[in-house]
């Protein structure tokens, strides 16, 4: 059931040995002092990874979706307006979640393959003279299209518009793999998940929450209980937890951050760039192109490869799984069939990436796509062997 | 940080080797067919453990609290009335959760140490001529007081009253350790958690949902997204999941059920009775008494021991942790300080229980309580050695 | 310290998840009946893998070297003559071991890159009119040169010569990866190690011993204690062990054999042929050649690649380890520097092999060898994608 | 097959979580520099535990028995005389091993239950005017009888006798649990095993070898190959190993020593005394006595309990295993049936010991021995709760 081959999905990612072991813990009494000794360093580490200088970190036994729900239900009231751009499956899902909670979502449509449309967002904020927009929702890395949005630019636009909305950022597939600067970018809530850059198993929603967002907590009237920040803040301040915590994942999170910091966060980001760049060169060598419209939009954690006219990316994904035991990602939503996705985040080396590229080539040949075997591999090899000055090895 | 001694908290429980290993899995593509091969047997097994003959099982990456939230938000509308008795911390918390979601909770107070007051509930239902009560909430095993309620009796009362309310049961600390009969008792939603009788790490809310509760899903207007049954049902029917599943816990759940069924569910229940009975005899030998008001109310998964006048149960719990590395449970809510709790569920043997009883005795002596060392141990030894005709050993 | 990349050494091999877990056991009393329940299926499985129809299996907490020592010390007397060919490092080491034990080793020299010289052995046996040769020592798969000898042919030669010597075969790097037929080939002692085809960690010498070799046990006067077959046979017959057994490795061995048999031994052998053939095609595409003199000598578990004139194979191995975190094997003994070795045995997939080939190519380019990046990978891809009718995936 | 109860055999011992994980490693190329990074700290740690100030440490993938064999075959010649006392099964086995290797063993018989008879040994050495005795063999802790010999006293006797024989000490069941001082006691070879005080799985013989013993290496003519110190010394000096090392156990050994030193070796020894003393008080409370003849001989790692007249200790061991899933040790050799043994070494807490004592009591009652349930437990509880000033908790 479990293949020894690496996975190349944009999360959950390959899990390092050390994290596997850190997560696999015997039972611990979460009402004892031992829990605090486990919990506090994890939280402190998340603060460093997110680059928070104030505010709180919350860890929910949940997923990124739960993290979104926590973000909005703890800060907003039924009927509140939020502003969001739709340019991929995950931005779409967040919009849907807000609508289910009775929020008024002002949606800005953008092409799939582009990022958050900063100009349009700025325009919408400027037009919001009454200040009804309570929060701007942004997907930092749209996993469906392999597009990274410019959150620093978005913050600048919000500042230019002089609008006081909160800024909520979905960093599920970017945080801990690509630079993130919660304080510098003025992010009010950042949402991450355990199973991406943190290289953990799924099961933990990780949130950084600014004082401004915390201040909204008491007036927020959207109903919530499991995801209530207030319970979590109160319990954690007392060294506890409002219900049974995911002790293993919290232990693993500390270990993850230790690994990330041993490698160096900048080195981690550089490694992801390097791995991604090799993949992009392979894609070019194949005569194909990433879904991301321009180079500056290209994500360093996932590349959505636009398949040749008439081909179906999902066929490649299925074949890779069935014939070679390798997992790639299918296209989702508007780009279903039109792309296949190569995840290159988390614990991954250039050597592992090369096996993924080689597999993709075999599948393309099997499917009758125009491909010269070894061509993409060679382009990536050439790049990888010349770029190892950049720290390259994920710890294991 | 992790003691080699067993824990004696009423969950999370000691985790068997085989389950530790089953949960510790490499990354699997949850969009591939492999996920279905993992998921389906887990769900089928839960059906057998809950004794469901129809309806659906849902597994949320969450906890029992999340399970409660899922139960009410998927079946009810703001302002709906539910009927619930308050007789311990967990029944109290569920009431609070309903109130936060804007439900009208008709609360029946009962003494802590007693179970769900069936007569009073029947009376309330009979008095509800207009049929405004949409659901009756019952805590099968009140973990705070070590009290088991009579769900079969509650169902009979509901039938006698001829009331059509749904019956939601919190079985978090009973299911898979004490007999449960969802079909026989006409339970509409049963909520379990991974970290109790299933002997798994925390992180999974396990729900059995009857057709009647499923039918309420579409008209329910309480907002929900992460916990939405509709998304879960649709995704799982297609072999997928609405977001990233807790693959390791799902794999572990299958293994857990395999272990439970290898031992035999009836043997599992008999073992829990036997372990609990040894603890109760020790308590009597100590000159103390369980919090549960009468013998028929005594839980087989946790015993709350009423401490001597003037003593504080939390002192014993703290001392056991600090001096002996053993975890017991403190009293919660109304019985804070007045009891300490011995959990005896999940993977546990008589031999392990004896070490817990011996530790409790040392603590009592250390605290100056009146205790003859070895007295409770001897009472339990005497019972255990005479009762091994009952299948006794938890698999490891 | 541990790279997430696969290793490509000819043992120890990459270890499947399931075997990692099977080996990682809590403490078990090896004097209890539980040990027999663990031990017996492992031994029975080894019998099937070796294709024994009679005789005994012995498992020593040791390595292949210890297995050789056990083979000779339990069957021979000081001064006894054994016949052995030297054509690689491991045949050489076995000869040296015999000499240390005071045996008279009649050595037949053969070129490194060739196999056991059957004609010369037959000649030596025919010339041994007095029957002084007690045993013929043969290295089935010479790991240093990637050469497989023809044991069936050797047996036929021994039969033709009408010589009654015992036949001892070092199958450390062949057994469980390439066809082996102890009964059919009339092998008297076969020596295997845990860390090759059985995919286990190192630490277990695995021996199959024929009745003829067992019969030599009582008259053998070479001193031995730890490796004494007599103690082992007596203890194991009684369900015990003469000292503390490597319980984890024995548990893992059962699991290994279960995995091998689930895949099917013939399928396992076919997979190794297929993986090896891809490597050989890559070598040819690189313009290089295997050390094995002729195609029929080529091992399916390891390929020793002869490096270009003026190049040093050990440079490649060092660079691969230091720069890419990938382990290949250096040349040993006579072929030190002149080859580097690619191990392709145990838990391995075509996808993993491709990453090894890609790494080797990068190293060659880095070292200034004449190489077109991607060329070997393409040759292997072409072969692999066309040959998946052969069962291919190692279980994990 | 694996019970969740602790084992109470005198090795293999209960294995801490952290060591289980440290041993469970992926494959590492033992010819790479990474191996040295793993090996060197393990060896350095062993030096500290043994209190060596010079000489070498050797780690063989084997057991204590192999360690004995290595000790004698690397330092002695056929026909050499060694002096050894026989006072238990393990001293007996070492004598037997020497005899199999053609050594002339001058045996001093001593009652089982006493230690090495220092006076008789001194006498024998004084009588050996010609200096034919090459080595004195001493069993520090005779696991069969629970007797600790006075090695410091033995060294003083050797010095008084002015005899130059080497001193070889079997410390398999003492080292890392009871004080050991290789330099201070002038020990020439100390033999330990991984599965006792080091709390590792079985599979590693650990030897400390003095310069004097190393000097004997070249003139020693007993045949050896697998256990040859020369190969091991040469290979390890070059950062390698003469064959495939037990990488996992070596990694675990480093972790073990880290744990021992985190607790503090003196604290480890004090803990073992404390655990043992509780057991001894229980034995007295039962009206029984240890096999060790006098208090100063009582081992802190294992207590052999002399059973009542007419009773058979092996019955208790069998019953404990079959009925309660708890492992004790049977009597061996001369004391077979007459004792049962309680191991109390390695990772163990007072709480765990209490469960063992409680189990022994249940078995005694089941077998009809005269016993008051809880009596031994109470005696141990009383001692344990009053002695926690001594550092008590094994790390997990």
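First chain written, first letter: the chains are A, B, C and D, and each begins at residue 1.
Following the convention adopted for this analysis, a contact is a pair of C-beta atoms (placed from the backbone, for glycine too) under 8 Å apart; a residue touches a chain by one contact, two chains touch by 3 or more.
Worth saying up front: this structure is predicted, and the values here are computed from it rather than measured.
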Requested in this report: Note down the smallest number of touching-chain steps it takes to go from chain B to chain C.
Outcome: 1
Report task. Taking CA centroids for every chain, report which one is farthest away from chain B. Result -> C
Report task. Quick one: compare the interface residues of chain A with those of chain C and tell me same or different, with half as the dividing line. Result -> same
Query raised in the report: If you average the CA atoms of chain A and of chain C, how many Å lie between those two points?
Result: 46
**Report entry** Euclidean distance of C-alpha centroids - chain A vs chain D, Å
**Finding:** 53
Query raised in the report: Which whole number of Å gives the spacing of the CA centres of chain A and chain B?
Result: 34
Query raised in the report: In chain D, which residues are in touch with two or more of the other chains?
Result: 1-2, 14, 17, 24-26, 396
Query raised in the report: What residues of chain A sit close enough to touch chain C in their complex?
Result: 1-6, 14, 16-17, 323-326, 347-352, 354-355, 358-359, 361-362, 365-366, 372-375, 377-378, 381-382, 384-385, 388, 393-394, 396
Query - List of chain D residues in touch with chain A within their complex - result: 17, 21, 24-26, 396
Query - Touching residues (chain side chain C, partner chain D) in the complex - result: 1-2, 7, 9, 11-15, 20, 23-34, 37-38, 61-66, 68-69, 96-97, 100-102, 193, 195, 201-203, 222-228, 242-249, 321, 327, 329-330
